[in-house]
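Across the two complexes that follow, chain A remains constant while its partner is chain B and subsequently chain C.
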Partner chain A sequence: MTWLPFLIIIPLFGAFSMPIVSLLKGKAKEVWATIVSFATLMVGIQVFREVWSKGTLLYTLGARNPFGKADFPIRIVWEVDKFGAIMVLIITFVSFLAVLYSIEYMKHDTGLEKFYTLILILELGMLGIVITGDIFNFYVFLEIMSIASYALVAFRNDTWEAIEAGIKYMFVGSLASSFILLGVALLYGQYGTLTMGYLAVKMAENPTIVAKVALALFLGGLLFKSGASPVHMWLADAHPAAPSSISAMLSGLVIKAGGVYAMARIIFSVFWPALNPITVGWIIIFFACITLIVGNAMAVVQEDMKRLLAYSSVGQIGYILLGLGIGIVAYGTKIGEIALAGAIYHVVNHAIMKALLFLVAGAIIHEIGTRNLNELSGLAKTMPKTSFAFLIGAAAIVGMPPLNGFASKWLIYESSALFNPILGAIAIIGTAFCTAAYVRVLFTFFGRPREKVLNAKDPGISMLLPMLILVLAIIVMGLFPWQISDKFMIPAARGLWDVLGYVATLMGGG
Partner chain B sequence: MKKALAFLSLLVIFAALLLATHPDYGIKFGLSGKDWLKYRYTDQYYIEHGIEEVGGTNIVTDIVFDYRGYDTLGEATVLFTAIAGAIALLRPWRRDENE
Partner chain C sequence: MNDMGLIVRTLARATIPLIGIFGAYIVSHGHLTPGGGFQGGATIAGAGILFLIAFGLEEAKKRINKNLYSALEGIGGLVFLGAAMLGLSVAFFYNLLWHKGPILNGHPGSLLSAGYLPIMNLAVGLKVFTGLVSALMAIALYRRWQK
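The block that comes next holds the complex of A and B.
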């Protein structure tokens, strides 16, 4: 018995039953969403433990094995390797906290039954992406995730910025998705299968120009979804305009599940036999360097708190892409392994820290009603717990040693400096900008109180509790940086590199 | 300048797609005989075994609801999401609390 199917069944059931549950008046929909996302978190933990004890999981939908009477897969499979399991865990964790946070944060809004339906579907879409082993199925779940996030970005339909950001995100996002669909169509036309592992087999036999064109389309679409510069503009509008619990999920999870994870999966598990690692790796490194500099530098000049956090997300995606790119170019070496492990580690860390920072920003907006940093001076006097949470989050994202951001950034610095000193220097410059941005915010918070913040107070327990859990996660993970890296991140990076193992798990049939 | 660049890159993408769908270099059209079995082996399997394995005489529905039923579930979810999103965004504006 495997727990894996419940990862899809539970959020799907929760989302589809939400319109019925919300016929009950009162708090029924909030309670139901919390129960469903908590159950998903429990299943996520189980799936993580299962993958860690038994190795890569293979699950065929509708039959015992994916083959039937043929010697190639004819059914949709799920294949969860170690990286996938880490993503499952972090997605279910942050989603649960975001739902919990929404109970108090969203109580002044209307249309909440649609809100909770959409937030569960967003979680469902990301889980579908990270567990699937079928490339068309990946597209379907990418679309579920994207459509739910378009609607959630524009959820506050009485503000002009939400509608503007939603329209912008939807127009360019659909274009990026259609690139990916076009890539899937080309691959099917050339290789006649949609299973990721078997596509890799077919590509090893016959690497064609079609595969290269399809890879280019995939990379274009996925770089957009991950918010890499020069296509990061949707992100800087969408994250500030969305409700804060949604910004936490968008910034912590969506750009990683739909962008970075998908890119790593598609490069390593599908295209690896057909591509030239040096070219593809350096293309990703190139975009990573631009993203690092542009994202972090733009964060310094922002006046709007959530926009600052959004640009900082762009900057952090740059680090993750840098690690991924080096992991591709330096395949099979120690440097590449460290870089890829650092990228995976930073995916997890950034999801936690940025979720925390956006939840803090949400609490401040909820209490004071402004996002303008200049008006928030002296916040530490009236909202001490919230400001403390921000302090921890900011210190972690800059990479202060006792906190979790240090180890992942260190792995990326170390590997990039060993790989190419110029890349190391660029990474350091990015961090300098990042530090400047956050120190500026902290100075504002600890400054002389303005009258606007004098009447503020810390939010209620259901908003403070998710922040507290995230602060604890940051501190505890910060205490065991190298243990986590050796035990979880390096095996995950090796598992991602192990293309033959991925294919063998599929063809072994399970 | 930006527009010209965008147009130019569209041309490049278009040329690459033309190359990828040129029968001499990339995807072939109107497959038959040996090529059919080489490129459409999955389809051949569905045609041969669809009736006995699934029981429906319509191969498309056999594939869409049995072999790849999970994708159909996903498509239904997309539709549900689109509807939920549309009615969420078309709901009346909330009024100010002091009104």
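The block that comes next holds the complex of A and C.
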């Protein structure tokens, strides 16, 4: 008996029962969403422990094994390896905190039963992406995630910017999704199967040009979803316009689950036998370098606080893609392993710290009602706890040694410098911009108070508690950087490289 | 206000039950004939939209209750999930009603066959019908063009 199906059942049950629960007036829907997301977090922890004690999990929908009477998989399978388990844990954790935060943050808005339904659906879509081992199932979950996030970005539909950002995100996002669907259709037409592991087998037997076209379509779509640079423009609009708890999920989770994780999964577990690692890896490194520079440099010049954080997300995605790209080119070497482990580590770290920073931004907007940094001078005097949380988050994101961002960035710097010094230099330049952006914000916060700020105060407990938990997570993870890296991130990177193991788990029938 | 003329309304009165019955047929025979939950649900929703257009918004507002429709949509989803969970002792989506089940394991091709499929088709049909009708009502009720 595995806990894995409950990862989907519980959020789905929560979302479907939300319209009925919300017929009870009062706080029923908030309480229900919190309970459901907390239960999902518990299941996420269980699944993580299961994967870590027993190795890659294989779960077949509809029967005990994926084969039936055939000798190839015919059913939808879910396959969770170590990287997937890490993603499950971080998604359930940040989603729970975002729901908890929304209770107070969203209390002035209307239509909240839809909000909580959508937030659970968003969590469901991301969990589905990281556990699935079937490429069409992956597409379906990707669309669940994307459509929920389009609706959530445009949730405050009485503001012009939410509508504008929602339309922009939806139009280009649907186009990106349709690229992925086209890729799935091409693969199915060529190889006649939709199971990821078995596609890898068929591709090893017969690598075709169709597979390369499909890979190009997948890469295009997924680079869009992860906010890589030439197509990052939706992100810089969507994150500021969304409610802050949603920005925390979008920036912390959506671009990683639907972008980076999916890219790593598709490249390593599906296309690995057919692709040329050097070409594909350098394509990703190329986009990573552009993303690094553009994202971080644009963050420096922003005056809108959430826009700054959104561009900083773009910049951090650049680091993650850089690690991923080096992990592809330097397959099988120590450098590649460190790079990939650093990328996975940075996914987790960035999810935690960017969620914290967006929650802080939300608290400031909630209390003062402006996102303009020029009007927020002297915030540290009147909102000390919030400003402290921002200080920790900012220090972590630029990679100060006692905090968690240091270790993951160090792994990426080290591997990129060993791999190619130019890439190392680009990474350092990105961090220099990133530091400039955050130091600028901190100087504003610790400056002389302006009138607008004088009457502000720290938010209530249900907004402070998620921030506190995230601050604690940053500090505690920062105390054991190398232990976490050796115990979790390096094995996860090795598991991602282990294409044969992934296929063997599937074909062995688990 | 803004309803159609007498001929359209009379014809709508005659055709709405026919469309509804045909949609119900598509939903309930989803496991035997082409069609199924989505197609049938969309057909029934077509009857609802015909009602909305022929009789006008005022009449539709009286007959269509927002809470009822959103609760029914939730119930449709819950029934689908419940049917999928029946065989959880073997696997999620294991068709227990077909392998062991009380009623729905008749001879293939008869109405009471295919295990949980008819239940799921009904659930999806309900969800699609209520969802589409609510969405179109919400659009129809949206602010007027100018003021």
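Basically, the second predicted complex is superposed on the first by the 510 of 510 C-alpha atoms of A that agree within 3 Å, B and C clash if a C-alpha of one lies under 4 Å from a C-alpha of the other, contacts with A are read in each partner's own complex, and residues count from 1 in each chain.
What we mean here is this: a contact is a pair of C-beta atoms (placed from the backbone, for glycine too) under 8 Å apart; a residue touches a chain by one contact, two chains touch by 3 or more.
No experiment lies behind these values; they were computed from the predicted model shown.
Undergrad: A:402 contacts which: chain B (first), chain C (second), both, neither?
TA: neither
Undergrad: After lining up the shared chain so the two structures overlap, which partner does A:60 touch, if you call chain B first and chain C second: first, second, both or neither?
TA: In the superposition, A:60 contacts chain C only.
Undergrad: Using the touch definition from the top, say if A:421 reaches chain B (first), chain C (second), both or neither.
TA: A:421 contacts neither chain B nor chain C.
Undergrad: Tell me which partner A:23 touches in the superposition: chain B (first), chain C (second), both or neither.
TA: A:23 contacts chain C only, not chain B.
Undergrad: For A:12, decide between first (touching chain B), second (touching chain C), both and neither.
TA: A:12 sits against chain B and chain C alike.
Undergrad: After superposition on the shared chain, which partner residues are touched by A:186: those of chain B (first), chain C (second), both, or neither?
TA: First partner only, chain B.
Undergrad: Now for A:369: first (chain B), second (chain C), both, or neither, which partner does it touch?
TA: A:369: touches no partner chain.
Undergrad: With both structures superposed, pick whichever of chain B and chain C touches the larger number of chain A residues.
TA: Greater contact footprint in residues on chain A: B.
Undergrad: Find the residues of chain A that appear in the contact set with chain B and again in the contact set with chain C.
TA: 12, 15-16, 61-62.
Undergrad: Sort out for me which residues of chain A touch chain B in the complex.
TA: Residue list for chain A touching chain B: 12, 15-16, 61-62, 68-70, 72, 74-76, 108-111, 114-115, 117-118, 121, 124, 128, 136-137, 140-141, 143-144, 147-148, 150-152, 154-155, 157-158, 163, 166, 182, 186, 189-194, 208-210, 213-214, 216.
Undergrad: List the residues on chain C that touch chain A in their complex, please.
TA: Contact set of chain C toward chain A: 67, 70-71, 73-75, 77-78, 81, 85, 88, 90-95.
Undergrad: Provide the residue numbers of chain A that touch chain C in the complex, in ascending order.
TA: 5, 8-9, 12-13, 15-20, 23, 59-64, 113
Undergrad: Using the touch definition up top, name the residues of chain B that touch chain A in the complex.
TA: Those residues of chain B that touch chain A are 16-17, 19-21, 25-27, 38-43, 45-46, 49, 53, 66-71, 73-75, 77-78, 80-82, 84-94, 97.
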